[in-house]
Amino acid sequence: MTVTYSRRVADARLGTFYRLLLRWKGSIYKLLYRELLIFTVMYCIISITYRCVLTEEQRRMFEKLSLYCDQYAQLIPVSFVLGFYVTLVVSRWWGQFESVPWPDRLSALVSGHVRGADEGARLIRRSLMRYANLSGILIYRSVSTAVYKRFPTMSHLVQAGLMTAEELRQLQELPSPHNKFWVPCMWFVSLAMRARSEGRINNDVAMTAILNELNTLRSQCMRLYGYDWISLPLVYTQVVTVAVYSFFLTCLIGRQFLDPAQGYPGHNLDFYLPVFTLLQFFFYVGWLKVAEQLINPFGEDDDDFETNWLVDRNLQVSLLSVDEMYDLVPLVERDKYWD
Amino acid sequence: MTVTYSRRVADARLGTFYRLLLRWKGSIYKLLYRELLIFTVMYCIISITYRCVLTEEQRRMFEKLSLYCDQYAQLIPVSFVLGFYVTLVVSRWWGQFESVPWPDRLSALVSGHVRGADEGARLIRRSLMRYANLSGILIYRSVSTAVYKRFPTMSHLVQAGLMTAEELRQLQELPSPHNKFWVPCMWFVSLAMRARSEGRINNDVAMTAILNELNTLRSQCMRLYGYDWISLPLVYTQVVTVAVYSFFLTCLIGRQFLDPAQGYPGHNLDFYLPVFTLLQFFFYVGWLKVAEQLINPFGEDDDDFETNWLVDRNLQVSLLSVDEMYDLVPLVERDKYWD
Amino acid sequence: MTVTYSRRVADARLGTFYRLLLRWKGSIYKLLYRELLIFTVMYCIISITYRCVLTEEQRRMFEKLSLYCDQYAQLIPVSFVLGFYVTLVVSRWWGQFESVPWPDRLSALVSGHVRGADEGARLIRRSLMRYANLSGILIYRSVSTAVYKRFPTMSHLVQAGLMTAEELRQLQELPSPHNKFWVPCMWFVSLAMRARSEGRINNDVAMTAILNELNTLRSQCMRLYGYDWISLPLVYTQVVTVAVYSFFLTCLIGRQFLDPAQGYPGHNLDFYLPVFTLLQFFFYVGWLKVAEQLINPFGEDDDDFETNWLVDRNLQVSLLSVDEMYDLVPLVERDKYWD
Amino acid sequence: MTVTYSRRVADARLGTFYRLLLRWKGSIYKLLYRELLIFTVMYCIISITYRCVLTEEQRRMFEKLSLYCDQYAQLIPVSFVLGFYVTLVVSRWWGQFESVPWPDRLSALVSGHVRGADEGARLIRRSLMRYANLSGILIYRSVSTAVYKRFPTMSHLVQAGLMTAEELRQLQELPSPHNKFWVPCMWFVSLAMRARSEGRINNDVAMTAILNELNTLRSQCMRLYGYDWISLPLVYTQVVTVAVYSFFLTCLIGRQFLDPAQGYPGHNLDFYLPVFTLLQFFFYVGWLKVAEQLINPFGEDDDDFETNWLVDRNLQVSLLSVDEMYDLVPLVERDKYWD
Amino acid sequence: MTVTYSRRVADARLGTFYRLLLRWKGSIYKLLYRELLIFTVMYCIISITYRCVLTEEQRRMFEKLSLYCDQYAQLIPVSFVLGFYVTLVVSRWWGQFESVPWPDRLSALVSGHVRGADEGARLIRRSLMRYANLSGILIYRSVSTAVYKRFPTMSHLVQAGLMTAEELRQLQELPSPHNKFWVPCMWFVSLAMRARSEGRINNDVAMTAILNELNTLRSQCMRLYGYDWISLPLVYTQVVTVAVYSFFLTCLIGRQFLDPAQGYPGHNLDFYLPVFTLLQFFFYVGWLKVAEQLINPFGEDDDDFETNWLVDRNLQVSLLSVDEMYDLVPLVERDKYWD
């Protein structure tokens, strides 16, 4: 359930972005409130311990430790590494969106070039598009948890009408341990060649254009597969996560309000809750959450791509294009600007 | 009403950019003056309260708070996150401009390859281009508030001569809940195939080239649709907005001029209005406004793309290309450099 | 008059970049010396006022102000915003260079596929290339001040032999308020189709390839047009300019040498001229000048693209390619490595 | 053995990234523990020397040195240069992944267009795909240590069935000192032309499409070769490495806990082990390790591309596509949504 | 003589990058030692002057100056501007590598489509490839100092067998002041058309594919030419160079060890040589050297592209492809995985 807010920010007016702050669904608050709560609770526990449990001497010790932590927390360049890391994650996220296969181009060619209104031709056109869609769905099953939950077994695909029992049998009989998303593409090729030799596709240029479009779809499927297979190096993600979390662990101690009576510089006020540290937490961990949400956009986050919608939309549009709309033109008449 | 100033900055001379500061339309002042006013008013209220309302003891308390806020405001790395965020928004903005469909390439092919000067051929050529334009307009209606206001219902498209009543009927009869911008593309395919079988398009290579060009247009429409559908994650926008606004809320207190008599370091002057904080406000919120303006370039900001102009221009150029200019060549004569 | 220095920096040796500092043409000194002068003069006026005009008490006041300005000048993150802004401008600048239309590819196809050595064929080939060049020149006239100055009216194009009087008449008669750079492209299409039907172009694949190449040229023209139409948002440029200039206005006061006798920290030396502030000015405003120079590379700066040279070169190479060099092959003989 | 963790981060929940911290394989700990150990040991040696070996006077000297080092360590802008460098390495890393040749597109065309179910046709199809795969493998042998170890000599390729003895002989007889990965491509061309002249490929458009696809594969091989040949300039890598290592050498001295009794500012606590310096080490050297791991993704790191898997998968899928699946279509029947 | 070290960094192990530090060829030391030496000598001269030449009073003056310089040197944001500048240079450097024309794709098409084993056909194929290579070499002569030194006059090309005397004559007779790298491309077109009309190329699709591939080569030549013509704006390079050098001129004074007896803060140690300033020099000037080396990768630096090797390799591979390997297929036999 992708969160779309383009229309709300169409115009830059007073408080355009301000209004976005009041949403819950897909918002930073929803993503972050648990972490913020945990941080606050831990902060309070330490604070109470310092104030009520420790002996006088232990307090002095703790104060030294706190000052030390506060001073060195600045050595961790959180914002720098987060900036580079999130930029990288965002560019991969958009790269994945651009790799999503849309069968629209292919369906235009199949509808145009596979001629005939008889059942045989309809069968071929519908099967071709079904194969093309099936390829995408097989990839989605392997990259998207949402689609996988919808079709936990291959039989679910048969039930949903995305493939026939016979097709499933052939697919499973193929002796290969690797992902078989490409098999429907090969069926497409064979069926298209058959249509060509039967003359339903009546010229070689069209044939080549269709196969080329199919290959484009296939390449996009492979790119999705590649994004899934080659994650951002674990090492990078770990370094960033450690940086952010160790920064805030340090803050738990270093940002405690120390006894104003001791006269430590910058410690002459006692607010009990460190508003600015919480804000910083909100800010840095929120930035990290952007990465967490985008690093795999095929999950079920509020902001992930709606793969199940894609599956339905693509199948419907494909079949409509090549069947109901085959050879269909509204009455061609003079337009308003004629002469 | 895009603000074009390329010509004013053609040469880098003394004060090239300086002159740009004196414009109002599309300027940062126009975008920002309300926010700046609100900030100033709030600052003054707090300032007056501090000076005239608070008791002596409350003032000392406020001063501590102010120093505390001033010190911690620096913890918010506003410029860093704004830099990365605005860069991202700008790259999406240009990506959207590059996805705007121009029917020029298609009209060249239709004009060249659909032969015949009789009414039938003219009807076909004009209808083909009308369909291609219609596809784009249907997308614009869903992404651009300006176009949507111009054509609030589909009937407005009929009135404007962009589609016929019959076409509207067929479009609406199609049983699909999804955006139907692709339907005119399918009409295009069917009509082009008909022209091919009637021999008006006389070879398969041209046919394939035309369909390929149509598919390019369709892909661009889909990319616009994709940009609209998959907004920049709300979380990122929220994090940035919160960072900027919380920074200035903090400044409201932390940048107050404190009583010079108290001798706080850096507080030995009293200007009543904090020029540099206002400048910083101008600067950071201005940067954020760049993002606000570009995040959806299909609105009605001074600097948004003029989609309505695009609609008119594209339709006119398309029809001129395939009709008035069909088979039209000026007298071919020797040029000046002949031999 | 683009400044090319690639050859001077071919090898990284001692002082490779150092030698570049000694040039005047296209240099930062030439661009900057006026601004630098103005800044210095203003600095001196303030300095003299402080030293000679103000009373003792006013001086103390001024000193406070100066320290205040110096302290807060650091709040303006000039380098950060300049870094991002200039990067953006540079990438647009190169994008514009890559959009410059070169008719070379088209001329190879026209020369190869439009057969015949008679005057008719020569006329067609030359006219085709002239149309393609004309399209580019019409765009240049609208984006480049240099080309516009060279051809202030369309009649200048006729005089220069880039179009015939008849062509101009037809162009002007076309009833459209929009830029008409695309009209010669349509003439190209019509003339090419005529050549095809006369058999001078003897196959459809070649015909389609030629039209495709023409469309590529046309797209590049449109991209140039787009870069000109959709400037970088004015708001962004204004924010950057205000940031840089306000920073230096602040420095005018904040970087004054204060009376060493007063013992302000960091003010125990009096150099009269603030070398480092001038260096900073040189540096930051220089960086901004990079942006000023590149934001519209079609002007007449030392470093702008030489559009007039492009016009001449492209026309000459086009005509040579399709006429003098038509069907010309040097004697084909065995090369040195034969067997 | 690429480390894939996409599925674990599908949803942004509480502690999504946190769980990634607990892995060993491909983790930062595995990459870093030796460096961290060495650093800690060296730190301890210096610490013990300071505490137990030095005389009182030498200690005072050492303390001065330590303070000096601590102060100047900040002059080394490690995080800045690491950010830019790692971003560059990551973009090359992904560029290399996108250059990996997949024969899938080619196998679709070969399977479709090379007609015939007899042994001759099967031989041709299988040989064509074997050649295409062989080209990739020859490149892998020169860029990937893993593939090179698997096939240390060309004879291993023959044994593995990737080429025949006769092919090896011809390859070796070719008098050229340069990498011969392109030779199988030329065999492919010759064999395909033979199939065309025998009529097994029955039209020129298909022939051209096949050769085009082959050339795409070849270009990708060349890009891999280019990435291998043109490394990131050694100078850049050295600068970054020197920056990071010299920073930590400085820290060995500068971050020692000095005798609290001496009252140096910031030195009133003695923890024996500098937790924050170790964290910084973890963080900066970890970032550098990201670069070390990605700079050549064809090695045998945990996170490198599994080239040997690619070799096997591609060969199997290619042969299945053009042989077992040739002309194979499941029974075409009405789908669930028919009417 | 490009420095390739990919294999040495295949695996991220203990000290992977460390080993790279011990190389001399192409190393930062080789590039930098002269600058470093000059800086050190200048530093020493100033140091000696301060210690031995100046009078007591002059020393106090110098100390003030030194502190002043040290304080303001930090105002120059060297690392920031270097980061953006080097990133830009690196991306241009790789863009140039990707523009290097490889005739491999073209030679595959020529070898496949220009049929015939007789001398006439061989002559045509060899000449076509020679023309394609010649175009690239003419460009190299204008952008690469290494190639220019190898072929200082056009006659050297004739001697090297890259063109015939007759071709040189025709090239020189062509009346055009502009770079003539495109002329061999036109010969290619004419010769290919002749081969087509003689039936050696037997279909139009192949013909068009060949011309398209030639045009791709030509475009790449033009891109190289463009990179050479449109250098990075001189202004940008100057700003960066001035920033770095002025920073170190300032350091020459500001980083002197001052008399510890005077008790200036941070000046209680006297090492004679400022290790950290030298490190900083090493680091910043090293970063600038990366830019110096990459800004024109067609020179003769250790790390520049080996254009002469490219010339030789491309010619040999082209001629082998279209001649020795024409119509050559190893015996087609069953592979190991047959059934």
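Per-chain numbering from 1; labels A, B, C, D and E assigned in written order.
Operating definition for what follows: contacts are C-beta pairs under 8 Å (C-beta built on N, C-alpha and C of every residue); 3 or more make two chains touch, one makes a residue touch a chain.
What you are looking at is a predicted structure, and each value in this text was computed from that prediction instead of being measured.
Note: Cα superposition of chain C onto chain D, rotation of 145 degrees, nearest 5.
Each chain gets a centre from the mean of its Cα atoms; for chain B and chain E, those two points are 39 Å apart. Rounded to whole angstrom units, the spacing between the C-alpha centres of chain A and chain B is 24. Shown for chain E are the residues in touch with two or more other chains, namely 31, 80, 83, 87, 204-205, 289, 293. Taken together, the touching pairs link the chains into one ring where each has two partners. Round the ring, the chains follow in the order A, D, E, C, B when counting starts at chain A and proceeds to chain D.
Per the touch definition, chain B reaches chain C in the complex via residues 2-7, 9-12, 14, 16-18, 20-21, 23, 26-28, 31, 79-80, 83, 86-87, 90, 97, 102, 104-105, 108-109, 111-113, 115, 203-206, 209, 213, 266, 268-269, 276, 279-280, 282-283, 286-287, 289-290, 293-294, 303, 305, 313, 316-317, 320-321, 324-338. Listing the residues of chain D that touch chain E in their complex gives 31, 34-35, 64-65, 68, 71-73, 75-77, 80-81, 83-84, 87-88, 123-124, 126-127, 130, 143, 145, 160-161, 164, 166-167, 170, 174, 176, 178, 182-183, 185-187, 189-194, 204-205, 207-208, 211-212, 214-215, 218-219, 222, 226-231, 233-243, 245-246, 250, 288-289, 291-293, 295-296, 298-301, 304, 315, 319.
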